[in-house]
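These are the structures, in structure tokens.
Look for chain A in each of the two complexes below; its partner is chain B in the first and chain C in the second.
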Partner chain A sequence: MLGQIAYALPFLAQGFAVTLWVSLLVVLLSLVAGVMMGVGLVYGPAPLRWAVRIFSDTIRGIPILVLIFFVYYGLPAVGLHLESFWAAVLALTLFKTAQVIEYLRGAVGSIPKGQSEAAMAIGLTFRQRLAYVIFPQAFRRFLPPWINGVTDAVKGSALVSLLGITDLMHAINQVIGRTYEAMPLYILGAVIYFAVNYALSLASRRLERRFSFIRE
Partner chain B sequence: MGYTLNFNLIWRHFDKLWGGLLLSLELAVISIAIGILIGLLLAVWYVSAGRAVRTVIAAYVEFIRNVPLILLVYLVFYGLPTVVDIAYSAQTSFIATLSLYSGAYLVEVFRSGLEAVPRGQLDAGKAIGLTPWQRLVHVRLPTMLRITLPALSNTFLSLFKDTSVASVISVPELTYGAQWINFNTFRIVEVYLVVTAMYLLTGYALLFALRLVERRFRAAH
Partner chain C sequence: MPIAPPATPALLDVSEVSKSFGSVAVLRSVSLQVTRGEVVTVIGPSGSGKTTLLRCVNFLESYDSGSIRIDGREVGFRETGTRQRRSERDLAKMRAETGMVFQSFNLFPHLTAAGNIMLGLRKVRGKSSTEARAIAEHWLGRVGLAHKADSLPAELSGGQQQRVGIARAVAMEPKILLLDEITSALDPELVGEVLEVVRSLAEDGMTMVMVTHEMAFARDASSRIIFMADGGVSAAGPPAEILGAEIENERLRSFLARFRASHF
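Moving on to the complex of A and B:
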């Protein structure tokens, strides 16, 4: 049994690399999209605010699995052909973007109004206000939940196995298909996911403590 | 392009979706009920226990929170029967998994709720001569439940969405129904539009109802 698992390790490592790659892409893409849409939600004109609000509430209201299937099976039907890998990344990114929007809204919303007004009073432009006054303060509130949310991205990436992408989850199932050693392999997989995510949540907790000196 | 929406086949098989939605709700309700039991017991135990027990409970919580739900679902359904000699249906297996899963999240919720009960209330309970058990049941738990109600409803809503993972072990809930119609009729866009609407409507109806309950309990205090 141990021999079979040892034999499968390089294959599992490849799957693990795919898991990390998917997670990394999703985290980075959703960070860019989420921050932009979040700024739109907080500072944008009414139609933009509504659009972002509807986007975020819709995406967060449905299961991530439904979103993945919708994107994967639905896009080709309307003429958009994406490889399964990119369909999965797109679906997970949409989901994560909605979360990032809410983190940003919460972080920016926690900055007292006086800060913005003071910045306006000394004649800073909108961009300067964001860059020099709001964002540096909001950053400390944004970071801990965001890092914690990265663990959601890693966990969510396991769902791409359902589209036949050989990530860690799929690699484990394939090895089980050959060796019938279900329990040891699932436990091994759980340990690997746990190691990555636990490290991330520890980092998040540490940052939270690091920034805890900030008062309302 | 050139895709024309045609919902006829969806309506013809709508019983798959409707039955699926009801099953999703059932799975979520049963799982959160068991999860609340697990969470309450472990949280009460945690705050009064020594270091060893705390470590074990914390290990359970951290393990569940840091592993993908789909892996837990596979582990309980395909993995566990290879080492223990019990047979169970996919549905039972999923309920067990989701209960353990929600239990882990709820231990955290209840634990912080218990710690948020003002010290003065417990002292007052002691002053009027309540036993430790009475203080727990009549003072600490009711206050804690009121504090944790919003977190509890959020957990329930996310569990309702998590039931979609049951489709991977062929439990015929809503997402499974969607896939069935997808594979049998190829009305892909239509079925996922309908299912998205069903999840959204149910989810927001539940949210609305739970917020009413929360307001009711806040007013009572």
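Moving on to the complex of A and C:
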């Protein structure tokens, strides 16, 4: 049994690499898109605020699995054909983006209005106010939910196996299909997912401590 | 009737400024001129528009009509063509010409006392880190906090925080300093140290407009007192006249009577 699993390890490692790659893409893309849209939601003109609000509420109201199938099987109907990999990345990114928007809104919204005003009063432009006054303070509040979200993204990436993408989850299922050793392989998979997420949580806690000197 | 131009052109020229929040008129055609080196105190009951007026001067609030000029330049709106808000970059430049000190200090909690002062010097005035640090230390010395340069705001008392707030504003060398009830959030025993700093700035010739409830200080330190009521300037004149014994203005008289009743 162990021999069979050892034999499958390189294959599982490839799957794991895909899992990490999907997670990384989703996390980075959603961070950029979510922060930009979140700033639009907090500071933008009314039409932009509504657009972001509708986007976020809609996406968060849809199960992530439905979103994945919608992008992969639904969008071709309107002429958008995506490879299964990119369809999965897009769907997960949309989902994650909606969450990042809310983390950002919460974090930035917790900064008292006087901070922006004091920054305006010394002549800082909008971008400078965000960069030097608002974001450094909001960061500490943004971080914990965001890291939680990152671990969700790693776990959620297992759903891409449903589009036939050979990520860690799919690789495990394929090995089980050959070896019928369900229990040890699922345990192995669980341990790997856990190790990644636990490492992230530790990093998060360390970062939070580093920024805890900011008191209001 | 033609009006003769004033002998000294006003540094701050507020002309017929009106503003409403929804259906509530907070400023009704307010006009006010402040010349260089003057210390003007604005008093009046709460809701009379004092703070709003101050916030309009550096365009933290927009105004519906009228004009506010500092050194001849319109603060919030473009001077050509139709009334159009200045660009973000332009507004930032205009705001850098005025300093503002807030009732609630509004220090940046993630930066040290020196860091609070250096931010504007570096990012707005383009000073090097060394230059900015030297200027920050100079001003911290002026407000008696040279030894607190590397303290975070949370480690300072209210009075110390407000003195850093003043240092942050004046280090930018503004043309005019706006003080918005800067001692109202302080414990009584800390008020003196902050007013002392303001007094020394006044002696240096800093042009200031302040909103305050410290009547004794207003009488001593200001060159002129403006009494606002219901969004308009109800009375204006030298302290001796406004806070003096014979007051004809009915509203001012009742304001001062109520004020004295609650403070003495």
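Brief remarks follow.
Keep in mind that, in the parts below, the second predicted complex is superposed on the first by the 212 of 216 C-alpha atoms of A that agree within 3 Å, B and C clash if a C-alpha of one lies under 4 Å from a C-alpha of the other, contacts with A are read in each partner's own complex, and residues count from 1 in each chain.
Simple rule for what comes next: a residue touches a chain if its C-beta (ideal position, glycine included) is under 8 Å from a C-beta of that chain, and two chains touch if they have at least 3 such contacts.
Please read all numbers here as calculations on a predicted model, not as lab measurements.
After superposition onto chain A, the modelled positions of chain B and chain C are compatible, with room for both.
Shared-chain residue A:Leu28: touches no atom of chain B or chain C. In the superposition on chain A, A:Ala118 contacts chain C only, with no contact to chain B. In the superposed model, A:Ala13 lies in contact with neither chain B nor chain C.
Of the two partner chains, chain C is the only one touched by A:Gln137; chain B is not. Touch criterion met: A:Gln128 reaches chain C, while chain B stays clear of it. Of the two partner chains placed by the overlay, neither chain B nor chain C lies in contact with A:Ile54.
For chain A, the partner with contacts to more residues, out of chain B and chain C, is B. Taking the two complexes aligned on chain A, the least Cα distance separating chain B from chain C is 26 Å. Only residues 58, 60, 88-89, 92-93, 95-100, 102, 104, 106-110, 119-120, 123-124, 152, 154, 168-169, 172 of chain C touch chain A when the two sit together in their complex.
Within the complex, the chain A residues that touch chain B are 58, 61-66, 69-70, 73-74, 77-79, 151, 154-159, 161-162, 169, 172-173, 176, 180, 182-183, 185-187, 189-190, 193-194, 197-198, 201. Listing the residues of chain B that touch chain A in their complex gives 1-3, 62-63, 65-72, 74-75, 78-80, 82-83, 161-165, 167-168, 175, 178-179, 182, 188-189, 192, 195-196, 199-200, 203-204.
Residue ranges of chain A in contact with chain C, taken from their complex: 112, 114-115, 117-126, 128, 132-133, 136-137, 213-216.
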